[in-house]
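Here the structure comes first, spelled out in structure tokens, and everything after it is commentary.
As written, the chain order gives the labels A, B and C, with residue 1 at the start of each chain.
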């Protein structure tokens, strides 16, 4: 393998400039990596205040067939989840990601059958929190962790996400900044295994160009938006 | 600016098939206040060689065109593809010859497709009448290399009696593509058939465009299909010179 | 995949006569990706500016590709992953097979990967006794039909729902043969259930990568179905197939390209699932693969650097060029004869399988330029196709008749007096012969033209001869 590595790098270098990058260039490129400059951010997502971010997020999310329900307090989320499932005649049972911010809510005040942990194929609905959301495209940002298994966002037919309004950013670069800050170790920025950007429920157009939801991932994506600044 | 000298690059297809387009171009350019000359040393812009991969021949032909048209304030071309060849491609033909490259750039800067030239010239007055419903085909090179889209429509709006009926997919290629239409005739036929169907669907009695290659292609298909559509180069209508039979008719 | 690009003209004629395919292509033209892309681009005022920025960013990367690949490899290793550098398809296949054997794999689930097609991975996995299962619905459908993809984003776009149903009945034999399968919904539900079992049983999951990020050692996949995520999260081993030009410097740079990708491909603001993966699961993660391997493939890419075709390495495989190409729109993807169809295929295929095999592809274009006008990375596709024509011309690969014809024309063009003489003679003769009807139904030596269209007759004198008389 190291032969192949040396060979490929050698080919690249000889076609570009006859040798490795010069020291000055390497320094400059390294600087650029450290600085990770932003490119052009679409005006629609820039300089939005909190109410505008929320409005844009909801509009974009609903455009891609996610549904959004607003509650004023995190404590109201379990009831909102139970209501959502009942309204659609879906089984009243959920698997919760063992994320403390999800687990600490008053689930037992609902009549939902509860499980916590890694989702199984037999789970019909999964509830997770999310790290952030991006108003620009109505997208949720979920980040893997010891208490946040990735498959919970994909296996159950219904995926319900608890999103706090203050976690809605305007645009992607703001979300990356949040992640960099959250994942900063002494030595540098350490990405988690998986960062999922989720924009609406799963879909495909692969059969006769007709769009259908629920291809392999969830058929339904429901967002419970916890907005304590909203009028009651 | 009026008073300036224009060299007309008549193009091989106009020269061979439809000289009346060349005379219409002369009339329009003179009416806009320019004097027109036609250097006799011109033959072809070099596109056939260029697009066939014969770069050497393309360079040689480009050299002769650059030389023949060196003296004019403007070079005007009644074809989007030939004008595009000079403006967009000549400057890329002489990477290892800075003198020629500079000459090519200077020619490119002074070269204009006919309708664009008229649309920008302050002295242009369209004084023509054409009774009919016309649809306009946006030839690809003119459209995408030179941005020719609004100019013909704006000028045609000044033709009394003419109503413009846009076709679906006016910007879709007609399938000519130079040697493409004879190298891949089945695909070309499909493309020109789709174009003919779009033209017929407009109900227009007239088809206009700014490129002879496209016009020959579309006209040939329309007459083969028995369609009753008069096909002309847009210059003919703008110049009020529609006494000659339309393309493909006697 | 066995190439049939040599037979392009016959492939194209067959495609034009295939009514089912033509139906599918008309549906695409009427309501498909091109329509949606126009809407998405119109909705984002910054779209054109982003194209230029993306081009510049990617050009910078290519100029320093070695630096970024080394940076990328260090980051992958730091995250606990392994990079396997592979010069060609054979080395890539060998690397994948070794990993699968070591993992004791039986079932190997796959997300959509054009690299996988390029190296004919499935055939070799099967020959080695593994069961590769395509999980992207379109790829699954063509896998069970033993067909190649006809579009790089929507591989089964050429099929009717009846054809899909027929394939499902023929392949899913343990289901009730009388079950209804007339609607896409029914077929999707069937595939979902079946593939779910495969997702859960696979020991190895193989995905492609839309982008690789040097800064973090991450790979990004973009899907609408979520199949890529199930492929890469459930099995014990995750293998990423990626070619060397996929690397970008930072997360922010990837974001720039992501803003263009879905809009250009399907007209969506963003694909449903955009997933950034870095290394295997972390020590205390509840799920995720235990091994993360990246097959980093050259296979002809490095040969394009520093040359007149380098721009092609900016391609992000969005398929906008296919969706807007009138030639692709007339014949579909299979006619091109290999993995990559349309304008991008016309440029890339001769690089990968040789101009002798693929020489027709860059010639089957009118240079209408629509591909270049919609390419999010501003790749000058017609120019690149012309470069291939130049190489073919220099190597005398074009048919003799064409070469002599062009040589004759160029000779005349360089000798104005002789040209004048010939042109005037032709104008007069053809003008006189065509005088009565104004057009020719047949013309000697021009059967390619007159078989399907008339040739309008010249007016009878050349412009230049008339002008000479006037002035």
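The criterion applied here is as follows: contacts are C-beta pairs under 8 Å (C-beta built on N, C-alpha and C of every residue); 3 or more make two chains touch, one makes a residue touch a chain.
This structure is a prediction, so every number in the text was calculated from the model and none was measured.
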What's the farthest chain from chain B if centres are computed as the mean of the Cα atoms? A
Which two chains are joined by the greatest number of C-beta pairs in contact? A-C
Between chain B and chain C, tell me the centre distance in angstrom, where each centre is the average of that chain's C-alpha atoms. 33
For chain A and chain C, let me know how many angstrom lie between their CA-based centres, rounded off. 29
Centroid of chain A to centroid of chain B, CA atoms only: how many Å? 53
State the interface residues of chain C toward chain A in the complex, per the touch definition above. 24, 27-28, 31-32, 44-46, 49-50, 53, 57, 63-71, 79, 84-87, 91, 95, 135-138, 141, 154-157, 159-161, 164, 184-185, 187-188, 192, 195-196, 199-200, 214-218, 224-227, 229-230, 233-234, 244, 249-253, 255-256, 258-259, 266, 268-282, 284-288, 296, 298, 302-303, 305-307
Which residues of chain C touch chain B in the complex? 9, 12-13, 16, 326-327, 330-331, 363-370, 372-373, 386, 388-394, 398, 402, 406-407, 409-410, 412-414, 416, 419-420, 423, 426-427, 434-439, 441, 446, 448-449, 451-459, 461-464, 466-468, 471
Counting only contacts in the complex, chain A reaches chain C at residues 1, 4-5, 7-9, 11-13, 15-16, 20-21, 25-26, 29, 32-33, 36-40, 42-44, 60, 63-64, 98, 117-118, 121, 137-139, 144-151, 153-155, 172-173, 176, 189-210, 212, 214-218
Using the touch definition up top, name the residues of chain B that touch chain C in the complex. 10, 12, 14-20, 22-23, 38, 40-44, 46, 48-55, 57, 60-61, 64, 140-141, 143-145, 171-173, 175-192, 194, 216-217, 219-221, 223-224, 231, 244-245, 247-250
